[in-house]
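Have a look at these structures, which come just after this line.
After this come two complexes, each holding chain A, first together with chain B and then together with chain C.
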Partner chain A sequence: MALTYDDIDKIARLARLKHTPEEKRKLLSDLNKILEYMEIIDEIDIEGIDEMSHITHQQTPFRDDVVKTGLSQKDALSNAPKTQDGLFVVPKIIENQDSTE
Partner chain B sequence: MLSEYEAVIGLEVHIQLKTDSKIFCGCSTAFGGEPNIRVCPVCLGMPGVLPKINKRAVEFTIKMVLATAGTVHQESIFARKNYFYPDLPKGYQISQYEFPIATGGAVIIKNKDGEQKRIRLSRIHLEEEAGKLFHDTDDRCSYIDLNRCGIPLVEIVTEPDLRSSEEAYLFLSKIKQIAEYLDICTGNMEEGAIRCDINISVKSKGDKNYGTRREIKNMNSLKFIKRAIDYERDSQIQIIKSGGNISQETMLWDEKVGVTKLMRTKEESEDYRYFPEPDLMRLEITPEWIERVRKTLPELPDEKYRRFIRQYGIPAYDVGVLTSSRNLADYFEVVALVSKQPKLASNWVMVELMREIKETDISRIKVRPENLGTLITMIAMGKISSRSAKDVFAEMVRTGRNAEEIVKAEGLKQISDKAKIEKVVKLVLDNNRVSVRKYLRGKEGLFGFFFGQVMRETNGRAEPGLVNKILMDELNKRRGQ
Partner chain C sequence: MDSDFEKLKAREIAAKIHSRVISSVEVTKYFLDRIESLNPEINAFISFDHEFALSQAKRIDNRIGSNDITSPLMGVPVAIKDNIQVSGLPTTCASRILSGYKAVFDAGLVEKIKRAGLVIIGKTNLDEFAMGSSNEYSYYGPVKNPIDNTKVSGGSSGGSAAAVAGGMVPLAIGSDTGGSVRLPAAFCGVPAIRPSYGRISRYGLVAFASSLDQIGPFALDVTDLAMLLSIVSGYDYRDSTSINVPIPDYASILKSGLNGLRVGIPKEYFGDGIEQTVRLAVNDVIRHLKNDNVELVDISLPTTKYSVAVYYVIANAEASSNLARYDGVRYGYRSDSIESLFDLYCNSRSEGFGQEVKRRIMLGTYVLSAGYYDAYYRRAMKVRTLIRDDFNRAFEKCELILSPTSPSVAFDFGERLVDPLKMYLSDIYTVASPLAGIPAMSVPCGKDPSGLPIGLQLIGKRFDEESVLQGAYHIERMMDVV
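After this line comes the complex of A and B, so read on.
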């Protein structure tokens, strides 16, 4: 199942990325090569094997509810291209809301 | 008119858990203060970090599931919900998708006529909170504070069982009440500790099929939730009546204008591309763990309600108010048990105490419940009048001193000494000879005047029943003279 330019556009939109036609051509060819490689996995016989999300059978380890000191505000912001009054600054977001869903 | 149609509503409720640290890192979950001071490489989404789950967040979720009679799954899986938004530094939210911690369960709501309705839950899962965004109206930037990012959230999803804004309101109040009883959430809606998304469609009454639904996102006030649902219901009915179609859209409530506004259409809707979170292995919750948590559950609102009715014999309305919060219910119980006067205790808590806590929090009130209990005992034993008791209570609210101390110091003790009252009665009658003659000649309405005079002379402290009797006797004695 090969990808089309529509797929590239959709993925790019979800990732909030813009590409030149030249970049798109290269991406399409690269991604299709990766998918072809993945398709080899389809050849494995998985008859009788249950669907699984992780290959280990371990359970996720727990952490006790203990507060630890993290980064200072200065360190936390030190990689950001733009900051103001202790806040990260980004280009204005259109939707006037938080994203949590 | 509008009544031919009804709304079909389902809710997705998000509850911020009151753990000390965040869900996947050790940063504090405290509210307020400077921005970006409770962050670390994990919640900032730096490359190469690993999340490790907070055991108490899982335990709190189990509590919520048990309190709503759901099924805790022994195995559940965390999933990545992928979307780009600046309040989510990783580019995905760790949530749960196909395999949530729990499914099923229900919450019983009760309307003001006492009618009950069972609202089914479809699932309960655990996820992480995003950061907070601020927007300036005039410039071209948005600002991000990531202190909130990574606070554990429990999401409760209902079946579309709600039919009105009133029912949605009752449901949310009940969830808030249960969370407060379980002590797993601050319940502070102004701080966003409980928020919800509303799925709403309308249909003709009697129609079995549901209409196309719209979603109103991110509501955090019970009052606005009611308004938003009513507005959205009416606007959908108008569209249908004028021959239009509802399309699956996401709306935002604009409180300033009082309308819902289009946020995105179905075509623009996100594709979250969920997949199992590779950084966390499966979450195992053993039956033994569930049983251990079950043993720590407090008496829940419905149980407490039934017990109060049974044990204290007070009206259902009173019980509803008294059990609305666990702190208030606990307070009442101490007052009732100390005074052994449940009805009087309920009146005092609901009228005098509630008036005081309207302005403050019950935990900050200076009157200890056992002291209020003593005050009520003194009223019931006739040691002080109800009127003086109110003055004593005001003093207790102000200083936190106990009732007996205040009564002693202020000389407010009720006068039940027969000789003392007789003396005052005689004095009053001697000072009002003309009125006494009029009374004896048949103007019986003057009795109230004498009574009032006696009460005034004793600063309202004379025991009313005794005054009544002695006054009657004294007046009769003067009949023969």
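After this line comes the complex of A and C, so read on.
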């Protein structure tokens, strides 16, 4: 089942990416070729096989509940593109219902 | 100071430093000069910092002066792949999206390297976010192979491999998700190991595919490699996948070679698609091992043909999730053209990531999306179990598995760029062992008629890096004699 341009738009939105028409054309052909190759795994019988979601199968390791110094606020903000008063600055998140504030 | 330090092994340089024949500062200056003169052509380093390196070397010389020698490689320069955090230096991941980023902490293994008194000399080039097999997908340009600069270095740790092979630094650190340490090692003709999942702390390694990522060292020979592996290995409470097991003194066990070890030859790794020169070189090694009375066993890994597909489903799925953090808010590149929060995410990411990274995020998002998760991701996770079981069965008959590292020698620039699938298939022999979490390394085993290096791969049982290194040492000695 090959991907369509609509699929590309949908996946791009999920991934927070956008593409030029030229990029989209190349992407559609690349992804379809790769996905076609990946269909090779359809031929294996996986009935009753567990998923290998961990390599180690170890339990979550615990550590003592001791306070340790972490990243300082200054360091945490030092690479941010825009900050103000010790905070990250982003565009307005909540859209107005109407024009009155 | 009349030595050509690039011709010496790291341990030989260290011995000279420890006996005060030379200082770490002099050695560091020497290699900085080498980098200055060679890097414009090879492009192995994204950044290197004289002051940063020399101030470490000065401190190390002082410690050596008061006989505070903390490791057998103390005073020797080492290069770090630029997806690993070194406090105070940039971490670019060879991506525009991290341009200007400066690390504010040290990775777990960087702390160990500093404690051992090695000098961090610079950060090496890679495929963007370690996604690639040729080191052509770097925002900072491709790495050239120092053996033949018309060929790729291999990727994604191409900078680390080329820096060591080109005599710009005696030791380097890379990372390997599906072959990114072993492939460039094979193409550039140096040994490198990807140890077991959990052996080296990944705290401070920028995440690509978390169930697969592992750090791996490069060196000029197996002994140096073993010494460096002992230094960087070990448990770290900040990486909950690292395992608290004893760290062997790897260099001390090398000399037993393949004594008492059975070597499995998997028929699936010698099928069609392997270049004739590679096949001949590896078969030559096998013949010599037979003459050495090494016990060789025919084995089968029937799931081999599914491993590339399984790997690229799982790695891209995990990448799409891990790379969601690049949102233009907390660090990294932010687009100028933003009106909404959606624009901020979307434009920053689309302008900041390169083509291959975007392709993989798209693929990973797709295989995890509603309606396709079962067909791709869940299925791949189940086949991954079968791949691991294949190895477990094979290791009932042998301690090591021997194969080529790559079906080809280093290829031409651009050769596989047009076809991403062809690039993915470069990893055919290297992706299965990370899926199983087991150690694997590449060791040089000859050259093709044009002088391009050929790499041989050894795969071992989980946490049995000793046998892998012993086997590589045996083969390295054999190649010296042949």
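Here, the second predicted complex is superposed on the first by the 72 of 101 C-alpha atoms of A that agree within 3 Å, B and C clash if a C-alpha of one lies under 4 Å from a C-alpha of the other, contacts with A are read in each partner's own complex, and residues count from 1 in each chain.
Just so we're on the same page, contacts are C-beta pairs under 8 Å (C-beta built on N, C-alpha and C of every residue); 3 or more make two chains touch, one makes a residue touch a chain.
What you see is a predicted model, and the numbers here were worked out from it, not measured in a lab.
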If we overlay the two complexes on their shared chain A, which of chain B and chain C does A:V90 touch? Say first, second, both or neither.
both
Once the structures are superposed on A, label A:M38 by its partner contacts, choosing first (chain B), second (chain C), both or neither.
second
So, does A:Q73 touch the first partner chain B, the second partner chain C, both, or neither?
first
Mind working out whether A:R63 is in touch with chain B, chain C, both or neither, as first, second, both or neither?
both
Looking at A:A2, would you say it contacts chain B, chain C, both, or neither? Reply first, second, both or neither.
neither
In the overlaid three-chain picture, which partner chain does A:A12 touch, first (chain B) or second (chain C), both, or neither?
second
Partner chain in contact with A:S53 - chain B first, chain C second, else both or neither:
both
Regarding the shared-chain residue A:P81, is it in contact with chain B (first), chain C (second), both, or neither?
second
From the superposed pair, tell me which chain A residues show up as contacts to chain B and also as contacts to chain C.
14-16, 53-54, 56, 58, 60-61, 63, 71, 76, 82, 88, 90-93
Residues on chain B engaged by chain A in the complex (per definition of touch)
12, 14, 19-21, 25-28, 34-41, 43-44, 52-58, 77-78, 81-88, 93, 129-136, 139-146, 153, 195, 197, 217-218, 252, 263-264, 270-271, 273, 276, 278, 280-284
If you look only at chain C, which of its residues touch chain A in the complex?
100-102, 104-105, 197-198, 211, 237, 240-241, 243, 303, 305-306, 308-310, 312-313, 320, 324, 327-334, 338-347, 349-350, 353, 355, 358-359, 361-363, 365-366, 369, 375-376, 378-386, 388, 419-421, 424, 435-437
For chain A, which residues are in contact with chain B within the complex?
10, 14-16, 53-54, 56, 58-73, 76-77, 82, 84-93, 95-101
Within the complex, chain C is touched by chain A residues 3, 7-8, 11-12, 14-19, 23, 27, 30-31, 33-35, 37-38, 40-42, 44, 46, 49-56, 58, 60-61, 63, 71, 75-76, 78-82, 88, 90-93
